[in-house]
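Listed below are the structures to be examined.
Both of the next two complexes hold chain A, though its partner changes from chain B to chain C.
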Partner chain A sequence: MNRLAIPKTYKLYIGGKFPRSESGRVYEVLSHKGDFLANAAKGSRKDARDAVVAARSALSGWAGATAYNRGQVLYRIAELLEGRRAQFVDEIVSSEGVTTAVANAQVDEAIDRWVWYAGWADKYVQVAGNANPVSGPFFNLSVPEPTGVVAIIAPQGSESLLGLVSAIAPALVAGNTVVVVANENAPLSAISLGEVLATSDVPGGVVNVVTGSPAEIAPWLASHADVNALDLVGAGDLDWVELQISAADTLKRVLPPESGADAAAPALQRILAFTELKTVWHTKAIL
Partner chain B sequence: MTSSPMATYQPERRALALIGGEATDANLRRYLHGIPGIDAVGLEARAADLGTRSIKTSSKRWAIDTIIGLIDLTTLEGADTPGKVRSLVAKALVPDPGDPGCPRVAAVCVYGDMVGAAVTALGSAHAAGGTQGAGVQRVHVAAVATAFPSGRASLAIKLADVRDAVAAGADEIDMVIDRGAFLAGRFGQVYDEIVAVKEACRRTDGTLAHLKVILETGELNTYDNVRRASWLAILAGGDFIKTSTGKVAPAATLPVTLSMLEVVRDWHRLTGVRIGVKPAGGIRTSKDAIKYLVTVAETVGEEWLTPHLFRFGASSLLNDVLLQRQKMTTGHYSGPDYVTID
Partner chain C sequence: MKFLDYAPAPESQALLNLKSDYGLFINGEFTAGRGTPFQTINPATEQQIAMIATANETDVDDAVVAARHAYDGVWSRLSGSDRGKYLFRIARLVQERARELAVAETLDNGKPIKETRDVDIPLVAAWFFYYAGWADKLDHAGVGPNPASLGVAAQVIPWNFPLMMLAWKIAPALAAGNTVVLKPAETTSLTALLFAEILQQADLPAGVVNIITGDGSSGQALVNHAGVNKVAFTGSTSVGRAIARSVAGTDKRLSLELGGKGANIVFDDAPIDQAVEGIVRGIFFNQGHVCCAGSRLLVQESIHDDVIDRLKRRMQTLRLGDPLDKNTDIGAINSSEQLARIRELSELGQQEGAERWSADCVIPENGFWFAPTIFTNVTTSHRISRDEIFGPVLSVLTFRTPAEAVAKANNTPYGLSAGIWSDKGSRILAVADKLRAGVIWANTFNQFDPSSPFGGYKESGYGREGGRHGLAAYLKPAVRTGSRSIAAADHGASPVTKKSASASKKSASAEKAAK
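Up next, the complex of A and B:
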């Protein structure tokens, strides 16, 4: 007797839960050959809005965690990614049409990159912060702090998992919370990453994954007054100048689109892009 | 909101005619227990059904402005200061400084000792004695009294509490019923207390401050009790029935409010008198508030959606409504940075 295969429903990841789109819409995710792979939720502007609310409420907890703790939590995600390797490889092979070896290499790279960023969590402040010299009996200290809620348009090209990891990991390091619009054509690794995050120590709402059309959702995130920064790394095919203009209305930090093989390459600058420098004065102790 | 219609309204005589005798425990019990019971499952299903209506675009815009105009902006904390009351009043008068077209709230609701501060802060915008002319919505001052929120004090203290607030200029008094007496079946005592408080609402010029009777439905346990308490409060002369103090969970819920609206509807059919309803506590989002508007319109009719017949007792609701309003005005989502922190 033939067994009936049970296909998986891919849903959104918002506030630590896996809801369907409030719009009820789904779209077909196809393999590189054009075969049906899965139905993914087609997120709407209201899903993006809910994701921002979740990200905002998770912010104080995540930003308030010690840098050492954030580093541990992020490192733990890398461990879990390793444990789910087979699933990620499988999804990459079917949706990107690459060999298992290439897919394995992409997962390797994604995990390594995650670990690399996790290591920065308790170090970037020492590099980017400073004790400024001043002409008086004061300490003058500059320290970077997280910007807040970061909306990210994930890279839309090949290497779906690596692109996603390269975009969200640096924003998380400093204590920002993230709303990411996944790769439209290859969203499966994004949802699976959501499942990894849900079973890790990352509090719900710190990372929110919305699948669907970036062209539809991005303008709402760019103009949303409760989003503090916008990473347009994967928005090269969108009208990204318009997105930058509407982001400017509410004074968001914006990163421009990147393309090519070294798009969103690991760099300290990606972490610092979503930090604000706070400078404080303090009297020197009288000894 | 003047008390003039109330001057000719004689609840005592009406109540006595209805219950067929003096307002004794026995008579009231016979009357209140003779009221048909509530089908709890049906009530909750009806409330849930009313909550599924889709209110969009121009209807939503109307609903949002209506909600703002029905809010009793409330601060009832032990840490209230005159400064806090002043900033509450400022928000009541200009809820959204970025949009002068935003309507004012109906009233501010404070503890009795803060009434003076609220009246001073309102100045010419105060409902009673205010000088702002027609076309400008004036704001009322509501005071909670009668040993709010527990109501556990002697009658003399409760009445003094009410008189103080009225003398300080309160337009509306939110009293709590004695839930202990109600649950023990001493309906006569609850009735007499409401009548006495109503009398204590009398100002020196003979007019009455509006009386809202808080049932504290979260402590009444059953819908049947809520219905009986609603009847009791109306029989005794309450101008408004209010769900909760906001200090007890659960506070206002849609089924409870629906059951109270049904009593108000029945009372209107019986006597032609319109009684107000005020759900308070636990209503935090515009979405929730819109469900209440739908429930009111469907149960007693749209004419109840005016400040002298329906209010929301809320503090955080206003901010959420303002965010929705900004979204509709600007076309993009707003955030908590664009409303005041209360």
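Up next, the complex of A and C:
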């Protein structure tokens, strides 16, 4: 007789913990065939706000970590993802209806993106910064710094894990903290990724995952005054222009929706989109 | 005249050759505007200088069409080195006509001739000279190989540094291969129109730069015009917000350089006399009409009284009066509206319990003037330490520890500038790291250079002007090709616009249907 399996309870990932939605709501996650897979937490406005609070409190620690340290932590995520690939492949196969080979390729690419972005952590400042030859007795240096708390609407397309990783990894490189609204129809890999993050030396609150309806949650994040930037990469099916208008009230930095397999393709510009350039003029003594 | 008083030393206006009426500069020629002309006045005398045309929506459309034709037909096809040569020409012509431009700027804006002559106009020439050299080196701008220009740039600039803001906008836009429609501020259009004459002397192809004048509605029409690809705005945060809302959902690229409430932090080990000079430069330069002004003085408690005593003594020597006088330190407030705002916020400061002190100076009978003023006993909740006053008014707060200084400095929705005064290098570096501001001056203030990026954090806007980053603001990466995998990672994702987003909705639903 077969052993009876132990199904996982899929919850939110906020502040390094796995709470249920404060609203008590869940929604059914179905397989591509329409079979029941799990009850995912249906995140609320309050959950999103809690996630912003968690992201804000984690910011100074993560932004203040050395670039070498951030790089190692991001690489550690790749290591742990590699070790737990079977679980991700299973979830992708069941929820996206693809073959094991296709799911494996998606996990491969997701792991490789963590590695690629991990390597940028101690380099993007050199590539994007500048020493400026000003006309005067000054040592003048421009250096990019993290923008702050970044809210992300994860890609809602077919590759749930890859889309999520492609959106959150670049924001983390510079030292931003993240609140991400997961793929609504395929949220399982987002919650499982939270479990990887929780054991990858990523400090609690640096990444916060809210599952549920992007259409319901996104407006609260777009208008939240303690969110500094908004990545609408997966918001193409929402009323994203309204979200962008709302974000303008607090002059958030906004990335527009992208679509297709190329959405959130790995790029240095994705890292730099959520950085601020600081220029410091140091006065030289007269000898 | 008393001992050590200065005899009047007015700069001559003889080299000015102003017209009585100025039209719009569209497609290389001056044309009458279709709106009602308005007068531009000298804020130091309230006398009319000239009549300026108002661009209505049709005029704005003409200007954008001219810029588009020039972009498609000429400018985007020109080699980088030829674009650079035009910019070098412009830089030289500005240098040749520098004194004339300085006098005109002082006349129209009210700022001291000392500043237009030694700061504004030299920086205008420097800006064009700097970006001229970039025009044929765009591969090094930081957006990858073979970057593309954006198209037509709509640029709206403020009245505080009229010609300098024009240079900050036009020089990088042209170097990158864009064409321009620029709208100067209503009260300070004059030097932009003299600049248009310089463009004619430089034989810049018609339509590459178009200058339209008028009030806020002309600017709004320009920013909202469907034919522009880039919007660059410098001005108030409230207008910046409105612009950000209006370009939402379009593929227009946006740079915003908005307000500020800069903290000037003086530590107890600072060279006090130099710091006092820096405080004066930080808040009284250009009558405090500076978005990056050091309008909040954060002084360490132990040296507060000493610093304030020396600051007041120094302020008593500031000479307020005729902006054309070479000895004038404080010129006229640019407009009666601005003067009313400064007065209103200053009165509010008194009502809220801060202690007001103004330098004792004679206010001329005509024109708009405000004596250099400081408020002590200011707290972080006072309006005068939160709102941008944009005038010669300084709010003084104190702190005990560097951590408190940083917390107070960052306690603002703005994040444009900050100053640090200390003799200790390690402290300067640590504090500069913690300040959330785009430009930080250590033991100096209000320095500008074309090679140095300028722009804000938070609600002070986004995008940078100056330096390599200021150039990149007018470029986009070459079109992506190849695979999505990390092996193909290059410099740019191609974001979708509203139009292609709806197309993508279709493809997304097609994808779902296929499943």
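By our rule, the second predicted complex is superposed on the first by the 278 of 287 C-alpha atoms of A that agree within 3 Å, B and C clash if a C-alpha of one lies under 4 Å from a C-alpha of the other, contacts with A are read in each partner's own complex, and residues count from 1 in each chain.
Criterion: a residue touches a chain if its C-beta (ideal position, glycine included) is under 8 Å from a C-beta of that chain, and two chains touch if they have at least 3 such contacts.
The model shown is predicted, which means the values in this text are computed figures rather than measured ones.
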First (chain B), second (chain C), both or neither touched by A:31: neither
Touched partner set for A:226, first chain B, second chain C, both or neither: first
Partner chain(s) touched by A:49 [first = chain B, second = chain C, both, neither]: first
Which partner reaches more residues of chain A (counting touched residues only), chain B or chain C: C
Residue numbers on chain A that touch chain B, as the complex places them: 49, 52, 56, 220, 223-227, 246
Chain A partner contacts - residues on chain C that touch it in the complex: 126, 142-143, 237, 240-241, 244-245, 248-249, 256, 258, 415, 428, 432, 435-444, 447, 449, 451-455, 457-459, 461-462, 464, 467-469, 477, 480, 484-486, 488-498, 500-501, 504-505, 507-508, 511, 515
Contact set on chain B toward chain A in their complex: 326, 331-338
Touching residues (chain side chain A, partner chain C) in the complex: 32, 97, 109, 112-113, 115-116, 127-128, 130, 132-136, 138, 140, 142, 147, 156-158, 228, 236-237, 240-241, 244-245, 247-251, 253-270, 276-283
